[in-house]
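You will see two complexes here that share subunit A, one where it goes with subunit B and one where it goes with subunit C.
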Partner chain A sequence: MSRLVKLLLFVSVLIANPARAALTIEITQGIEGALPIAVVPFGWQGKAAAAPENIAAIITADLNRSGRFEALQDRDLVAHPSTAEQVKFQNWRMVNVDNLVIGQIKETSDGQYSVQFELFDVFRGKRLTGSTFPTGARDLRRVAHHISDLIYETLTGERGAFNTQIAYVTSRGSSKNRTYTLLVADSDGYSPQTILTSKQPLMSPSWSPDARQVAYVSFENKTSEIYIQDVATGSRRKLATFKGINGAPTWSPDGSKLALTLSRDGNPEIYVMNISDGALKRLTTSAAIDTEPVWAPDGKSVVFTSDRGGSAQLYRVSARGGPAQRLTFDGKYNAGADISPDGRKIAMVHGGGGRYRIAVLDLDSGLLRILTDGQLDESPSFSPNGSMIIYATGAGNREVLSAVSVDGRFKQRLSLQAGNVREPVWSPFGK
Partner chain B sequence: MKLKLGSFIVLALLVVITGCSSKGDVKDGDVTIEDRGTGADDGAVASGAAGGTDFSSYSLDDPNSPLSRRVIYFEYDSAEITDADQELLIQHSGYLVANPGQHLTLEGNTDERGSREYNIGLGDQRALSVQRIMELNGVAPEQITVVSYGEEKPAAEGHSDAAWRLNRRVELVY
Partner chain C sequence: MWQALRENPRAVIYAVLMHLVLLLLLVFSLDWTPKAIKPGTHKPIQAQLVDSSKLQAIEEKKQAEQRRIEDDKRMAEAEVERKKKAEQDKQRKAEAERKKKVEQDKKRKVEAERKKKAEQDKQRKAEAERKKKAEQDKKRKAEAERKKKAEQDKKRKAEAERKKKAAAEAASRKAAEQALQAQLAEEQAQARAESALSQYIPFIQDKIQRNWLRPAGSPKGLSCLILVKLIPGGEVVDAKVVRSSGDPLFDRSVETAVLKASPLPLPEDAAMFKYFREINFNFKPDN
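On to the complex of A and B.
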């Protein structure tokens, strides 16, 4: 009970370093039964008074953010061990934590560090895992997220998705003078990097399967065009500039093709383009709007939005073309699909009763479940481990990002300091 | 019915105008008058529609000209154009036919509800509805460019019916 109440009290998790956080994350709905864990501040051996990053705080925030764990607050830590010899399990049993994380950071040479961590089962008094990572200062946060991934996987059996990124679009200003920005940030909202700024709309970012490139739509030439851009170098290539709509690019699972929407033949249709030579294959033929293609994980089919039946619904078509099969029947508006990494669930914008919310269709059971309770929720995107869905929602007069667990039980909000944030897409694990 | 007949006549007139002016041997005004006479079967309707509609005399800069109205509004999730707006589009068409060097961009827009790329499709359909009426009224396809901004460029901020009504629109940008 107290755990739930504490989480429901809008715990701000990531306000420790607001200058570097474009997004702050607050947990808006907790889960009863989250696993109690203690993450002890890591020991520090180096010239400065403190380590350049608070690794334990990053891990604590990650684990809390997953909805699967509830980390002890610093003031409730009964001891501060940083080596296995210093751990007294009975101390931790008394405060009812199941697991304990300790570690230390050593400055091995100027600007070089060694980060070591260990994870224990408190009740069995057993070390479960641990490792040591050499790193430069720039990658300390990344190492912390990697440790969170290892802890998460050890304790839940499911791969962690903390060491991943999100791409998103922001807009600032009013109708006469708007600025659109495409950004990439760590999955906790830190280290945001602007990869493109424009006075004209930017839309529909999509990650390549190796998480190194992003495809997107830019109106910088007063018409829609599709680009692919290398995130690290910023170099980019214009891929589609046909007459009419060039929209909704998504990368095929093998990385060789884009599914996209073109209206060059009169109205919006789904096409597949070879990235290497630009060759096009048209997948749909209807007088209606066909758009928002997303690939099934096996690359064999594409799910898309069409209003061919009179209102926007989701359909599936073979990646080689052919007849489309309707997938959604509940409600008058189902659009903007994303397919879970295991291919068994489809997240979508579900309209009804004057509201637009995120729903998930379970393809095994055929059941549609509404996960969110906003008025204008849109752009759902699965985390690469399939456990969470990030999406855009209205908050007051602004657009912000939120995330919800796939079972709908756990919710959090990611707020930018100013402006509207939209179209979040969670990166793949990368290679 | 009246409107449809009217637009048909206007279309007929404009086809003649464009046909002739490309030959470069007949003045626009002469053709208009002459054609009004040949449309005798349609009687009062024809003269009513054509009466005083000298499109080429309208100025783009005149705030009192019907051409100063350059936004067409739509119902939710619809690309249908109202009869009143058809009339306006016929007037714009007339101007474009009389000024074949003039170019027009049709910018389709939607309100913020629903998914963004679907709204790009919807904005496109709205702009295409406008384009279709203009081409039926004699405007050359090369004179028109269509671009859909979906919900990306709202004219009115806010999340109310009032804002949404202003954002479901096609803007005629000369």
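On to the complex of A and C.
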């Protein structure tokens, strides 16, 4: 081929196709931020002036709390559509929200409602999902959380954990007349139900894998005892009343065993107990304190806190026993572990500089990341989808319930009644 | 028959003579058969006596008479014979003459015929010759014509070829010049475009990046190529994922980023728009 022909070819290609020949732009950075979403107050058709629950507000709070969304504030809503026909996407593009949630509540009969919602992709002008749920007045909040889950799952690809529960202990009153209460509430802290009250300390609640039972430590008989209690019926069973410490029970993933701390042999050690027959297996043997066991999601190992190295650190031991392996090396104090549902992260209380904060150890990289900024943050517990961590934090001279997204970007204090909140645990998805 | 006669003239003469003899015999002996005399029909002869001397004399006289008559007769006969002969001669002569004439005629005729034929042959031959010659001439002429024409054609063709070649050379020269000019223009446009690109790409990049919300839970190492179509003014009219990251949320975030960033900042020079009509964005987070 002559040079001329080559040149001609080259030129013609350029002329015919300047854009394609020219422009490819690399995008290497984006915002590590929350998805902007608008949740329009739901339409209401009923006898009363307003709906018994503000569904949109519950959804908004759920989505915001996850850290993955940033819902438009009510005053910034540019329109109030409640049906798909009323939606003008252009309006929502102007305020730069990616997604839009609308819905309506109908009173179908006395105390019975039908809640309908729709989720839109604003920039593509597309309906992504939607559904209708019949419900009674008592379950309206639950329906709202369920809608939050559907939205969350559609937009993030992860299962939502809003329609789950948390268990926690509160204490009120003076040191002479203190009341301890074990409560179960919605994941947003609303609708708390007391499942046990005691004048003596209640500690270390733990959910069964089916989210129907809670194990805990009660001092109601002046000494530590481990109980398991059915949340719905309140019926309970005493499981461990050994000499010394009976503490920190956690349910094995298959629901058949508890890992726990017993000092019946003189020193706090980690044991595994068969729930059905009470048979014990000791996992640790050290002169130091071994406590706060948690199960890995595969049930094959247990992570616990031990000061065998001179300070409180996390260790892992096989569920069949054997030597323990140290997991944390960063800082003087790492305790109170919870393992993420995927088994790849461990949340803990990380102490240093006189402060105790929530940190997450990434087991793949070995990196420890501090998520919270409190003075006395304690008892981290992963949400069942692994996206959030609930914990207790000191606020003034009391402790409150807080949540942080796993990436640490979003922290929120949950609605709270009076009293100190201690040891929150997030329920599994349940069955 | 003529042929036979002509070939045997003696036999013919004998035949003619024989015919004549037979004719004479016929003439003189016509009635040579004895005639019966019928009694009663003739008067009986009357005998007369005549003296002998007289008789003699008479007789002599009579004989003399007889002889004279006979002589006359002979003479007449001879005459007749002569005449006849003359006639015959004449006739023969005439005949011969005629025959000769006929023969001559015939000969002449044959000769004429022959001559005519020869003439005709000659003519025919001449004609054929002429024709042949004409044909050959024609052929030769045609050949010459053809050759001439071929020659001319060849010449014309060569000329055309030459012209064509010259034209092609001119055209290619022109094309080369044009190409060169086009290339120069294109290079200038490219240079302008490049400067516009280098000036505007960061703006476009920045606007896209400000609008790209990276999904929190996405695995590392994802990348997504998206083809974006713009209209003048920078408005995004189409965004199509060309190479998916395999993660639907990541892809969706990329699409949304592009749509949210619309309109993209473009150079004001409308001529530059062609370089921005279609843009590939390769979303490839560096961590």
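Here is the rule we go by: the second predicted complex is superposed on the first by the 396 of 431 C-alpha atoms of A that agree within 3 Å, B and C clash if a C-alpha of one lies under 4 Å from a C-alpha of the other, contacts with A are read in each partner's own complex, and residues count from 1 in each chain.
Following the convention adopted for this analysis, contacts are C-beta pairs under 8 Å (C-beta built on N, C-alpha and C of every residue); 3 or more make two chains touch, one makes a residue touch a chain.
Quick caveat, the model's predicted, so the values are computed rather than measured.
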First (subunit B), second (subunit C), both or neither touched by A:35: second
Contacts of A:158 with subunit B and subunit C, given as first, second, both or neither: second
Subunit B versus subunit C as contact partner of A:74, first or second or both or neither: neither
First, second, both or neither for A:96, with subunit B first and subunit C second: second
Complex contacts: residues of subunit C adjacent to subunit A: 172, 175-176, 179-180, 182-183, 186, 190, 193, 197, 201, 204-205, 208-217, 247-249, 252-257, 259-260, 274-286
Complex interface listing, subunit A residues touching subunit C: 4, 7-8, 10-11, 14-15, 18-20, 22-35, 67-68, 93, 96, 98, 121, 123-124, 155-158, 387, 405, 407
Residues on subunit B engaged by subunit A in the complex (per definition of touch): 77, 105, 112-118, 120-122, 124-125, 128, 145-150, 152-159
Of all residues in subunit A, those that touch subunit B in their complex: 174-175, 178, 180, 201, 203-204, 219, 222-224, 244-245, 247-248, 261, 263, 267-268, 289-292, 305, 307, 311-312, 333, 335-336, 349, 351, 356, 375-376, 378-379, 394, 397, 422-423
